[in-house]
Amino acid sequence: MGNEEFAGVFPYLVSPIGPAGEVLEEVFESLIEHLIRSGVHGLTPLGSTGEFAYLTWPQRKKIIEVTVKTAAGRVPVVAGVAHTSVREAVRQAQEAEKLGADGILAIMDSYFPVSPKGVVAYFRGIAEAVSCPVVLYTNPSFSSTNLSLEAVEELARVSHIQYLKDASANTGNLLTIMNQAGDRIKIFSASAHIPLFVMMLGGVGWMSGPACVIPRQSVRLYEMARAKRWDEAIAYQKELWSINRIFQKYSLAACIKACLQIQGFPVGDPIPPIMPLSGDSLKEVEEVLKRLTALGRE
Amino acid sequence: MGNEEFAGVFPYLVSPIGPAGEVLEEVFESLIEHLIRSGVHGLTPLGSTGEFAYLTWPQRKKIIEVTVKTAAGRVPVVAGVAHTSVREAVRQAQEAEKLGADGILAIMDSYFPVSPKGVVAYFRGIAEAVSCPVVLYTNPSFSSTNLSLEAVEELARVSHIQYLKDASANTGNLLTIMNQAGDRIKIFSASAHIPLFVMMLGGVGWMSGPACVIPRQSVRLYEMARAKRWDEAIAYQKELWSINRIFQKYSLAACIKACLQIQGFPVGDPIPPIMPLSGDSLKEVEEVLKRLTALGRE
Amino acid sequence: MGNEEFAGVFPYLVSPIGPAGEVLEEVFESLIEHLIRSGVHGLTPLGSTGEFAYLTWPQRKKIIEVTVKTAAGRVPVVAGVAHTSVREAVRQAQEAEKLGADGILAIMDSYFPVSPKGVVAYFRGIAEAVSCPVVLYTNPSFSSTNLSLEAVEELARVSHIQYLKDASANTGNLLTIMNQAGDRIKIFSASAHIPLFVMMLGGVGWMSGPACVIPRQSVRLYEMARAKRWDEAIAYQKELWSINRIFQKYSLAACIKACLQIQGFPVGDPIPPIMPLSGDSLKEVEEVLKRLTALGRE
Amino acid sequence: MGNEEFAGVFPYLVSPIGPAGEVLEEVFESLIEHLIRSGVHGLTPLGSTGEFAYLTWPQRKKIIEVTVKTAAGRVPVVAGVAHTSVREAVRQAQEAEKLGADGILAIMDSYFPVSPKGVVAYFRGIAEAVSCPVVLYTNPSFSSTNLSLEAVEELARVSHIQYLKDASANTGNLLTIMNQAGDRIKIFSASAHIPLFVMMLGGVGWMSGPACVIPRQSVRLYEMARAKRWDEAIAYQKELWSINRIFQKYSLAACIKACLQIQGFPVGDPIPPIMPLSGDSLKEVEEVLKRLTALGRE
């Protein structure tokens, strides 16, 4: 992919897994093809939405391989890498790069509490082991990793660490980071933030599960933001928000898999013990999708 | 004050308390005078920033009296009311209204966990006991009160409950509330949100401690937002954010009292056991204030 | 009461409050009379179980007055004192002592996070303002006050601070405290601990809500422990535990008021917005009481 | 090992890992040999203390193999098995049994919140896939898995699920479980409880990291408990508690590895990013060990 910068709408890819644990390649390829044709600017397999935490390394490897092969250089692939141990995370990152990933989404998994020094050592370890750009990723809903402002400032000085993707809902905290380290690190929004606002503050785009379900609408919102058509963008963002809302309300994996199945992509169920949506939850998701699909038509 | 609607910049007032527990009336009056001349649209004594939780009822009463007397009808006074028990909160609300408050900021204090029904009963109890508008207020940083979307929707149907002031940092949650109950309840931002963004979503203003320290700048930002001069507003908001940042970083009471003392208002120290700022913290606050004061000049 | 030491079973007294906020003196007196005749070693009005956090100072004052008057020197009265501010807590402690309390149960209420220094200042402030023994009390379920081992060690050196009553369920932490400061501070158990085990470690008794409901059984367990009849005590403790279990499962105030009403003490409902028990919860409480009442017969 | 029941002192084994990620077999074997000669009643590799969460499956496999081979049938081996996904946990459990484990310590790892049904499905899935006894294990300090009383009762009916090892510090909760399901499930204590008290309530022993460091003293305490020499046992337990205290104060892995290195077992450092103890922490650990070593001599 060369050295161009990452910016725009990067959907978190679902991980379609069959009953025997196999990656459902066919539907995965057709989904990726659909996303690229819808105009997304990059692909991020193995984020939280992609159930990275539930997959073995062979499954993760296959997910990266299929993504890279199907993307075929049309958009950059930023692959999620995560472990509790530095050594194993480094190994995964190096393998992901060899498999053709254009960037690494570095996620810290944890069990024991990690000291601030340990957090920095983890991300620095990954960044120094690869030659592609690295995105720092933290998700306070699921992990106790505390990426303090001080840690971000220190890590932003490491050469390959060029992006931060924060999955808290605290947009003010992103503004604080931008005010203090915005010249050294670029910010991607997550689905817990209102993506338009992160763009307004100087963010470069968003990495999110909803973008996998409404790629065309997400790209349209991104273009409004790039063109600074703020009034129009605000109105559109307010309408699109309903999909972020359901991603917050339900399990990420259950929600994205329900959405894609409704849209005709048989991506399978979440990996047990996570349960699929059903009943009223499923109905709510269907209604939101119906409304948003209409919004995606030109 | 008649029945006009609340909108705009409502500073949370500091509570200046002397060493013997007495309200420092003189400095309090001169601060209120200064705020009104700076163009604020209302006054909110006895919010979190005003240390309501540390004051006895006689102290709270005096704070309301001085605010009402000094405001003298020029701007509305929305007085904070809080207790663990419904009965006592109702009594305080009725007294506050008799003392001349134009609105009630209803805060729920808690000790035991409260059931969702209990939360609704508390706010409904206050609203039905007064004849002025009521602002629902929750602050998840300090209180375990959980004001669910369902509770907001139910309370938004109670006649005097017209406003919600949410002190979480989760702006997306405010958008969800606006999408579902925005025709029945109006939203004020808190200092944990980026106030400009709450305005963009349809909020009517903000109630916040920083507005007590930078009233002129706050009003200017509000006017930019009202005029939809978005690019200018975003740039200005990004600069002003440093004061919200210090209010988040330090104890609210310690921070506002340090700021006002630096500005020449001898409002005293926070109420023990809360400690005043000192050393590096105080220096950081001084530097932020210096920068923002320059921004306030025309 | 003179200067004898506090030891044994100290029931937390319920606070019987009528619909207009009045203290129901008659039932309160008859309950106290019943407890003293059942052999309890002291009385603790205004603990968590006594809904201190829901009462105004005049209500609290009345509760202390009635307790002191009814106890009439037969057993010591250790009155709960609590506020967010040091000054007000000191005032309450001094008044409680003047009203005849033999000891002060010092509880820290909080709203803003309090620094370790602030925590020490609060308890020290109370202890230095009274001339009777002070019991440190923390309840991590309801308050964020963090009484670290270091703080306990420092406070244990203040002359009037002679007891600690910890309401966590972490008995190991009590053993750590005893190992490090056991020569300077005595430990009372709470209902979240298994009281017998705190006794085995060297504790001097327990202050708890269940003891208000099963005073006779509690005293019997205490006597077994004092006599080191361990096997008998363990078996009895295992049976009595079901009442601690329901106090943990349900709101303390709802639970104690339901229990006492079942036993024929019309103490009223919990203070709104706390809701009384009903339906299956009430049935479960009734069954536990039935079983334990049988255990109380000689 | 046949079908005898698990009871007594089961040390959590450290996982000695070298700089290249290799299992340090020699020191591991000599440690196991030492533990068995010290009289322990079983071995539990791959608990929290054994850093299971930081090891790849090949590393875990090697740890089980060496343990089984070295134990050589002298004491039962209960191997830890953990994953976020049911399928992978089942696979690990089946492999562990094939490798010769006499029991499975079933640990639930989590990332997304898991529904109560999902929790039951996870543990049931493992139990139904193996033919050896299964120990339920939860550790609320490190994982958000909520094993409710209802879930324990349901799981206690599954045929292979015969033991529960709870790593909370809430001993009262264990008594509640024993009172309700004690005829169907046996309880092991963890180092967060005071082990003697769990024995007094009817527990069958303890699985803990400290037992790997003071095996002889642990066995002596267990024997006192079995003989119901309570006064002696309480006094001894109080002295031994200092090692549980340091395991709580410091990272489990850092603490056990420091202890064993001091004792002459070169087990290496914790797996990065977990940091080894140093300075004052190390000194505190050394002093505790010195005192307890003396206590271990006959």
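So that you can tell them apart, the chains are marked A, B, C and D in the order they are listed, and the count of residues begins at 1 in each.
To be clear about the criterion, a residue touches a chain if its C-beta (ideal position, glycine included) is under 8 Å from a C-beta of that chain, and two chains touch if they have at least 3 such contacts.
Everything quoted here is computed from the prediction, not taken from an experiment.
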Which other chains touch chain C while also touching chain D? none
Scan C-D, A-D or B-C for the interface that duplicates A-B, counting it as a duplicate when over half of the contact pairs agree by residue number. C-D
Interface check for copies chain A and chain D. Shared numbers divided by all numbers used: above half gives same, below half gives different; which is it? same
Using CA atom averages as chain centres, what separation in Å is found between chain B and chain D? 51
Rounded to the nearest Å, the gap separating the Cα centres of chain B and chain C is 37
Touching at least 2 other chains, the residues of chain A are none
Contact set on chain D toward chain A in their complex: 21, 48, 53-57, 84-88, 109, 111-115, 117-119, 121-122, 125, 142-143, 251-253, 271-275
Per the contact definition, I'd like the list of chain C residues that touch chain D in the complex. 169-173, 175-176, 178-179, 192-194, 197, 200-201, 228, 230-231, 234, 238, 241-242, 244-245, 248
